[in-house]
Each structure stands twice: as C-alpha cells, then as structure tokens.
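Okay, got some structures for you below.
In what follows, subunit A forms one complex with subunit B and a second complex with subunit C.
Coming up: the complex of A and B.
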C-alpha cells in the first residue's frame, strides 16, 4: 500500500511539473503587446529593454523557468503584473481562497450527506413512489440550463424566505443560498450515480446468495450492496469534491462572492501571466490530487485492488 | 425398488404447481402443473435441458422467483406450511437459509467481493442460528475445515478474489451448510467448475449431507453428475416432469421417449466412428398453450394421440412413473433405442467408480 501511494505521488508530481512547464512556456510565446499595452511598439528600445528586464523577460525562457521553480520552492508565486501590479500573488489569494473554501467545504458535506443516502433510498425503493419522485427531481435539475435554474433559485428563494440577494461575509443568512445552489447539482449527480450503481449491484449473484442465506432486504442494502456500489463512486468523488471547493464561477459571480471562482477568467483576459501561472498551478494540483485521492480511496475500500505483488495464494 | 419408500417421510410436497412469467406483455407458462414429493434424507436430481424449468421450479421453494413470475396454481407443502402462499419477506425469512438453503451455479460471482469469507459465513450463523460473533467465528472455522479448506484461521480473513473457483464453491457450500438447513438445493453446483474439481465438489456435498442429515435437490443437465449422486431422478421437459423414478429405474428402464433421447445423447454411449446422437428440433415455446405431449414434435415415433391429449402419469412401480401414452395398454409397442442397453454394460464395467 505504501509503495503504491509513493508511486502515485511521484506520478502526480511529474504530471504537475509537466502542466506547469507547458503553461509557462505557452504564456511566454504570447505577443508582448498583451503585457505592456498597445503602445508597446512605439516605445524606444531602451524603455522596452528596461520594461522587459524589470519583469525578468529579457532572459532566455529556460532561465526564466528555472527562476520560477526556484521561487516556487520557497513558497513564492511571484508578483501580479496587471491585476494588482507588483502585489504578491500569495497575498491576493490569501484573501480570496477562504471564501471559496468555506462555501465549498460546507456545500460538499451537505451534498454528500444528502446525495448519497438519497440515491441509496431511491435504489432501495426502485420503481416505487420515492424513486419516481427522486428521479423527477434529478431530471428537472439536470435538464434545466444551470444559468436559468440558479437565477430562479436566487430570485424566488430570496423573496420567499426574505434573504439578501448578495453575499455578505458577516451575515450567515446570506451564505445559505449560494451553498444550496452549489450543492443542488452535486446532490443530483451523487444521487443519480449512487442509485445506478446500487441497482447494478442488486442484480448481482452475490445478492441472490445473500437472500438465499436469509439476509433481510434492508440488511442486504446496507451491509452488502452499499459498499459495493460505493467503489465506482470512490474514484470520482474526491475530484468532484475538490472541484466544488475551488468554487463555482457562476455562483460566485451571481452572489458577488469575493472568491477565486472568476479570478482565472479575469487574469487570462488581462494577460496577467504570473497570476495565470499561479492559478493554473493550484487548479492542476487540485485536479491531480483529486484523481490521486480517488485511487487511494478506492484501494482502501476494495480489497481486490492490491498493490503488492500477487502471491501464489491460490 | 419398492423398499425405497420404506421408512421414508415426505419432507416437501409440490402439488400441481403452475408458474407464469409475464414477459413484454406476453405470458410464459414456465411450470405447467408439476407434482413432486421430496423424501427426507434423499438426494433427488432434477434433470432437463436449458429452459425446461428446473431452476424456476426450485426457486419457488425459497421464494427467489424473479419479480415478473407468479405462482398461479398449486401448493408447495413444507412443515405444514404452504410456501406457494407466501407473499412477504417476513414469511420467507423463516424458511430461507434456516430451513432451505441454496448453492448457486457460479461461485465466481456468488460471493460478496468486499467482505472476507469469514464474515460471509459468520453472517449466516449469526442470522440463522442466533450466535454471537465469537461463537460464529469458532463455528465458521469448523465449517471451513468441514468443507476441506486448509488453514482455516488464515483463510477466514481472506477475500473471495484470493480463492480459486473450486475453493469459492467450497465457501458457498460452507455458507449453505452454516445455516444447517433441512433441504439443500444445489443449482448446477459444478457447471462453472473444471472437470477435475467437479468430482471433489460432488463428493463433498454428498459427505456433508450425510453428516448434517440434509435432503439434497440437485438441478443439473449433466447426467454424469446425476449418476454419481442421485437416489432419485426427475426428468423435466418444457415445464413438466415427464418421468420420475429411482436412479436405477430411470437409467436402466426409462419409459419416456424424452428420457430415451436424453440418455442416447450421453457421450459414453456414442460409438466410435458414428456421430453422437442429438435430439432434433428445439423445445416448444412456452408462450402459447401446449396440446398433447410437449415432446411429440421432436419425437420421430410420436403417436397421433401425443399431438392431441396430454398423457397422464402411468405408474410402472410405486417409485417410478412417466407421462407418456406408450405406457397405455392400447399403445403400440415401441422399444427404447438399442444403445441404451449399453448403459447396463457400462455400469458393470464402471460399477466401482460410479459409486465413489
């Protein structure tokens, strides 16, 4: 197990390195006007050279890359160029990440607690009223365009329950709607997959044997089927959870939450290269960590996934 | 074989059972009025080709009929209860595992892949025999030893994927035995195993049944299996039992043309250089109403009446009866195929290893 985790960690670090290097090099290939404005061509040689030197762009790419990694290992993501000129990126993110993180973690816990049992209950009463109701709910949420659904949620729920339209970090009542909106989609997707995997498992031979040996219906569901159905879920769950945490671009925009959600789009439009680098690094790290955790979680649940050499135990 | 019935008490009695499935709006008549007595302590084999209804019949005994199937007529009497009337899971909970247990066909998929085999056997003990965890563990280790699994202490903690097919079937048998049922239904217990393992598993089941005093019902299409283990044989065709008798009666004095055809297709009876006998045609569709003898269209020597009236059971001996007009005194005399006589010769040659 440890060997497996170490191997996967090494793999994850290599992937991360490749992603960052690629992004770094690609960004350096963009036209210079982007960084210095339309006037760049009209400036004199000396001014241009000093501007490049100031940002360290006068050196060959491999030197720049090396310097970038060097400061990265010291925990320095560099300084923003345009978004907030010469302001340390770490400081910018420090203020924004906590909002996305808090809202993300709460909605993640909420959607897991509601979504997984909802799917399990639907599978248990397949074809009955509870299942039909749940399926209708999921179908409506999945079928409606997210933008429309979220806008309706914001408008109607805020007027029905007399909640504020916009987010205010000091007023916890305003946290409810964004969290509920983010959770809604995850709840539906968790419930849908859980139901599906449980129903797949209900038709398996081991369930028939369990019934034949006298195990009751609900015990079969909870002690036999649930864990088996959770195995395929285990792989994508951490990734999905992490992507919830980094924030929903649309929801943060809708409720004016000062989180990281819309930051990436802003800085790409501004061609703030160092910010793009930093954010891509974070997103890639989270994505890779999600897959890694998914594999580890699945391995922990399923004894068939073994990382030691197969013994001659047969 | 009249002495067969001596001191035998009926443990399970099926009376005129009829089962229908609804399939895409059509009704399929899978069991067409089956009557069968199972005697305590015996080993009964139900043979027949795929789709003859042998599995469906026994699934009724344990309440595991697929959801689209219903019993529309008949009784299954067991310990004073009529299992055919059972509707709820609560009623079945008294029977399943505790009284009637089942060994499934495919050991590769019948165990929960995420639970240790010790857990899975213990579960049966805890649920059916009210043991606590420590008792269940001790008993599980005993049962593992009983079914021929060495190093039970180590095996207890292992998962199904760490076992080979034959070993998994031993675990499945261990689960069935753990319930200490009155009746053990073995649904093609060796079909998914390779030939070298089959004999081991069969003799294991045989030994365990003797040891625990269980009545066994084998479902199989393999007459070789039957010859090894069965006291009595019921031959099923198109949802009906066409012939039933003791092993000797059915093997050496078969009366129904379908039984003849089935026996003739035994590879052991084939002659070198001749093509192996096979039954022409396909079994009848069970969607419609079958008139007369269901086997008639595939029987080259069928009588006219076979197409018109369903034959009743004719009794040949107290234990042997067959549903064929050939046994009517007015019927023309038709002899069983010549090759069946060779069964007797085979028996004489192999009598030693036929039994053990």
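Coming up: the complex of A and C.
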C-alpha cells in the first residue's frame, strides 16, 4: 500500500506539472488586446509595449515559463495583474476562501445528513408512497434550471421567512438561505444515487441469505445493503469536501458573498494570467488529491477492493 | 376467545394432516401402478430374437454440445425483458410518449402554416414600431420578447437546438465515457496513465477552452457541443471506473479469468451488465444536464449567441425579467419546456434503471 501511495503521489506531481504548463501555454494564446482592458484604443504603442514588458509578456514563452517556475519553487504565487493590480494572490485568496469553505462544508454536512437517509428510505420502500414522494421532490428540484431555482429561493424564501436578501458574515441568520440553496441540489443528487445503488444491491444473494437467516428487513437494509451501496458514493466524498473551496457561482453572485465562486471565471475573462495560474494550481491539486483520497477511502470501506497488484495481471 | 382460536388452529392443523395423508396415498397408488407394468429381462429372450434387434440402437450417439444445451434453452432475452418490465411502469410510459411527441413537434413546428420566424423582429404594421414585450395573444401565442421576436417560434427553435446539443453530448458521453471508464477501471496497465490523463484534462477550466475556441471559431452550437463533449465524458468515465474497481476483483471475475476468458469478454459479459442501471441513469441525466450546462454558460456570458435561440439563452433572458410579473411569461414558457424535459428524462431513466435488474425479470 505504501508503495502504491508513493507511486500515486509521484504521478500526481507529474500531472500537476503538466496541467500548470498546459495552462501557461494556453493562456499565452489569448489575444494580446485583452491585457489592456477597456482603454486599449487610447494607449500609444510605447505605453502598450511598456505594459507588456512590465508583465514579462514580451519575452519568449520559455523564458516566461522558467521565471514562473523559479518563483513558484520559492513559494511565491505572484501578484495579481488586473483583478487587483499588484496585490499578492495569497492575500486575495486568504480572505475569500474561508467564506466558500465554511458555507460549502456546512451545506455538505447538511445535505449528507438529509440526502443519504432520504435515498435509503426511498430504496427501502421502493414503489411505495415514500419513494414516490421522494422522486417527486427530486424531479421538481432538478427540473427548474439552477439559475432560476436559486433566484426563486432567494426572492420568495427571504420574503416568506423574513430573511435578509444579502449575506452578512456577522449575522448568522443570513447564512441559512445560501446554505439551504446549495444543499437542496446536493441532497437530490445524494438521495438519487443512494437509492440507485441500494436498489441495485437489494436482489443480491447476500441479502437473500440474511433474510433466510431471519435478519429483520430494516437491519438488512442499514447494516448490509447500505454499507455496500455507500462504497461508490465514498469515492466522491473527499473530492467534494476539498472542492468546497471552489465555491458556488450562482449562490455567491445572488447573495453577494465575497467567496471564491466566480473567481476563476472572472480572472480568465480578465486575462489575469498570474491569478489563473495560481487558481488552477490550487484547484488541480485539490482535484487530484480528492481523486486519490477517494480511491483510498473506497479501499478502506470495502476490503475486497485492492489497488495493489497481486500477482495476476491484466 | 383464546379457546376458540386454539380450536381454529387445531382444525387447520388437522386439515393439513389430512391433505398430507391424501398425498401419500396418491403416491403409493402411483408406485403400485408402476410395479404392475411389464418388466423386460434379457434372460426371457432367445438368441435369435436378440440378434433380430436393429444394431443401430447400440451405436453410440456421440456428444453434440448444442443438443446438450437444448434442454437449458429458454427464450429469455435480457434487453427484451428489461423493456417489457420498463413498459409496465405507467408514469414512464406516459412520459416517453409525451417526450417523443414534444421533440417531434419541435422539429415539425416550422413546417406548420402561419408560423413566425424565430429571429425576425416583428413590427407593428400601423406604427412601424417594434412589437416589444407583447403579452401572449392570438397572433403571438407566447407573446414577444424585448425586441419583438415571436416567443412561440423561439421556444420551439430553442428546444430544437437544446435537444440536439443534449442528444449529441449524451451520446458522446455514453460512448467515450463507457469505453474509457471500462479500460481505466479494469486494465491495470492503463490505470496509472488514465488517472493522470483524467487529472490533467479535468483540471483545465472549461471557461478557458471556451474562450480560446470562440477566439478561433465563432461561438455557435458547434463550439458549445465540442467543448461539452471534451469535458462531459470524464464524469461518466470516472463513474464507470469506480464501479469497475468495486466489481473487478470479485470471485466470479477471478473464476472467469482462471477459465481463460479474455479481458474483452470479462468486461463485456461480466462487468457491463452489472452496470446497466447506473449507466442508464447517468445517461438520462446527461441530456437535461447538457441543457443546464448551456444555461450556465449563457449565465457567465459564453453561451450560444442570441441570434440562434436555445433554451439556455431564452431562460437567461427570462430570468433577468423574473421580477416583473407582467413579463414573467418570458421565463415561464422556456423554463416549462426545460422542466418537462428534465423530469421526463429523470423519471424514464429511473424506471429503466429499476427495470434493468435481471433478478426482477422472472
């Protein structure tokens, strides 16, 4: 196992390297006009050239790449170009990440607590009233386009329950709606997949054996079926926890939460290359770690799963 | 009371004993009848009589594998019974008919008489002004939008665009996702390479790809489809891969490997049927998912240009007007189509997945 973990880590570092280099090259393909903002037409040739030189964009691409890696290995993510000119990226993220992280983690815990049991109950009473009710709930939530649903929740719930329309970090009542809105969608997807995996397991032989032994229905469901059904869900869990720092775009726009939600999209559109590189580096590291931890978690929960080569190969 | 109950129980027990007794008697009678049948013994026959028997009766028949299997043959077919089971679900049956009707109508609509063009800006013939934000009426069934285009025609044109996007993307997700996911999960030598490829591709922001693609090509349905296909297969592949990882080392696969089954056979015959339900649900969610993605892309300003109607840009245009109750119809109509398509695919996909378990078929 240790050897496997070391190999995966080495692979992850190579992937991270490739992603960063690829992003660096792709960003250099972006149109030059983008770097000057709205005042492009008003600037003279000399000013433009000096602005490019200031960002190091006049050098050949391999020199830029070398400089980028040199500062990266010194632990410096660099300074923002356009999003907040000459402001250290680490400081920008330091302020933004806690909001997205807190809201994301709370809503994830909430949706796991509600969604997984909901799916389990739906599977337990498949085709009965509880299943139909749950299916109707999921269908309605999934049916509306997310942007519309979120806006609807914000406008109508805030007036029905007298909640504030906008987010305020000191007033915890304003945290309720954003968290609830994020949770609603993930509750549905957890419930939907939990139901699916449990129903796929219900007809397995081990369930029949347990029933023949005289184990009660609920005990079979929650001790045996549930455990087996949870394995494929577990692969996504670490990734989802980690990627809560990426934030939710719709929610953060609607409630004016100063989180990371649309940061990546904004800085790509602003062509703030250093910011894009820093964010992609962080997000990619999270994504890769999530994938890896998911595999480990899956192997821990289900001892039949093994990632280590055991003699036979295919 | 208790006494009566006891009597009743006793009665039942006695009746059962009677039944059993009758059964035994029948069996004994059958056995007796069997004994009375004539018995044949070689000692009763003369040598001539034995020689007269046709020698073909003593030739070995030989072994034919197909004939041997014949007793085990039944006309069970997995897909046929899955469809039969699926068709028994009334809600799914109604929705699939309605869905086909809606999709067919979206493609037939421009051929019908008296239809407006989805991009023409309609002017009032008397004043020459744009017919802006006209509420639904007999001429413009769903009203007109902010620049006077017919919403009825736009909604159907948008449905066409979005359905094409959804189907193409879902099909490509299904094909590439399943093939790559299977290889990724099962073939150990590919595992490492594919994991790293996944890690690289899934971490390139789609926004960046879209901006670069639209910088080279003009943003259109094709660029949206291309970028969605480039990203979409990964979710499916990861899904399939996780399922394969769970099942690949189970005993039946080990047995199959010991019997010398090829990798392809194990994947297609042992693993794939195990995952039909998950694949079906994921695919049926991919179609509304693609429509939702398109709404999202419009939201961040990278969607299909408004000159080509799509459910994405119609919903986004309507969302902006949501607060004005007189203009809310501009959101309601496209959102209703999106909602219907999503619900229909979700319920059909779920019903199909429920029907896909062969243990429910008999």
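Everything below uses one rule, namely that the second predicted complex is superposed on the first by the 280 of 314 C-alpha atoms of A that agree within 3 Å, B and C clash if a C-alpha of one lies under 4 Å from a C-alpha of the other, contacts with A are read in each partner's own complex, and residues count from 1 in each chain.
In this section, a contact is a pair of C-beta atoms (placed from the backbone, for glycine too) under 8 Å apart; a residue touches a chain by one contact, two chains touch by 3 or more.
Since this is a predicted model, take the numbers as computed values, not measurements.
Considered on the superposed subunit A, subunit B and subunit C are sterically incompatible, since they clash.
In the superposition on chain A, no contact is made by A:54 with either subunit B or subunit C. In the superposition on chain A, A:215 contacts subunit B only, with no contact to subunit C.
Of the two partner chains, subunit B is the only one that A:206 touches; subunit C does not reach it. In the superposed model, A:280 makes contact with subunit C only, not with subunit B. In the superposed model, A:168 makes contact with neither subunit B nor subunit C. In the superposition on chain A, A:231 makes contact with both subunit B and subunit C. Here subunit B and subunit C are compared by how many residues of subunit A each touches, and C touches more.
Looking at the shared chain after the overlay, A:298 reaches subunit C, while subunit B stays out of its contact range.
Subunit C is struck by only one stretch of subunit B after the chain A overlay, and of the options 207-215, 279-287 or 315-323 that stretch is 315-323.
Subunit A uses residues 231, 302, 304, 313-314 to touch subunit B in one structure and subunit C in the other. Note for the complex: subunit A touches subunit C at residues 7-8, 11-12, 14-16, 18-19, 22-23, 26-27, 29-31, 126, 135, 138-140, 142-148, 151-152, 155, 192, 196-197, 199-200, 203, 231-232, 235, 249-250, 262, 264-265, 268-269, 276, 280, 283-284, 287-288, 291, 294-295, 298, 302, 304-307, 309, 312-314. Contact residues on subunit B toward subunit A in their complex (touch as defined above): 62, 64, 89, 93, 96-98, 101-102, 104, 106, 109-115, 123-124, 127-128, 158-159, 161-164, 167, 172, 175-176, 178-179. Listing the residues of subunit C that touch subunit A in their complex gives 186-189, 191-192, 195-196, 198-200, 202-205, 207-208, 211-212, 215, 238, 242-243, 245-246, 249-250, 257, 263, 277-278, 281, 288, 291-292, 295-296, 299-301, 315-316, 318-319, 322-323, 331, 335, 338-340, 342-343, 346-347, 350, 353-354, 357, 359-360.
Taken in their complex, subunit A has these residues touching subunit B: 204-206, 208-217, 223-224, 227-228, 231, 301-304, 313-314.
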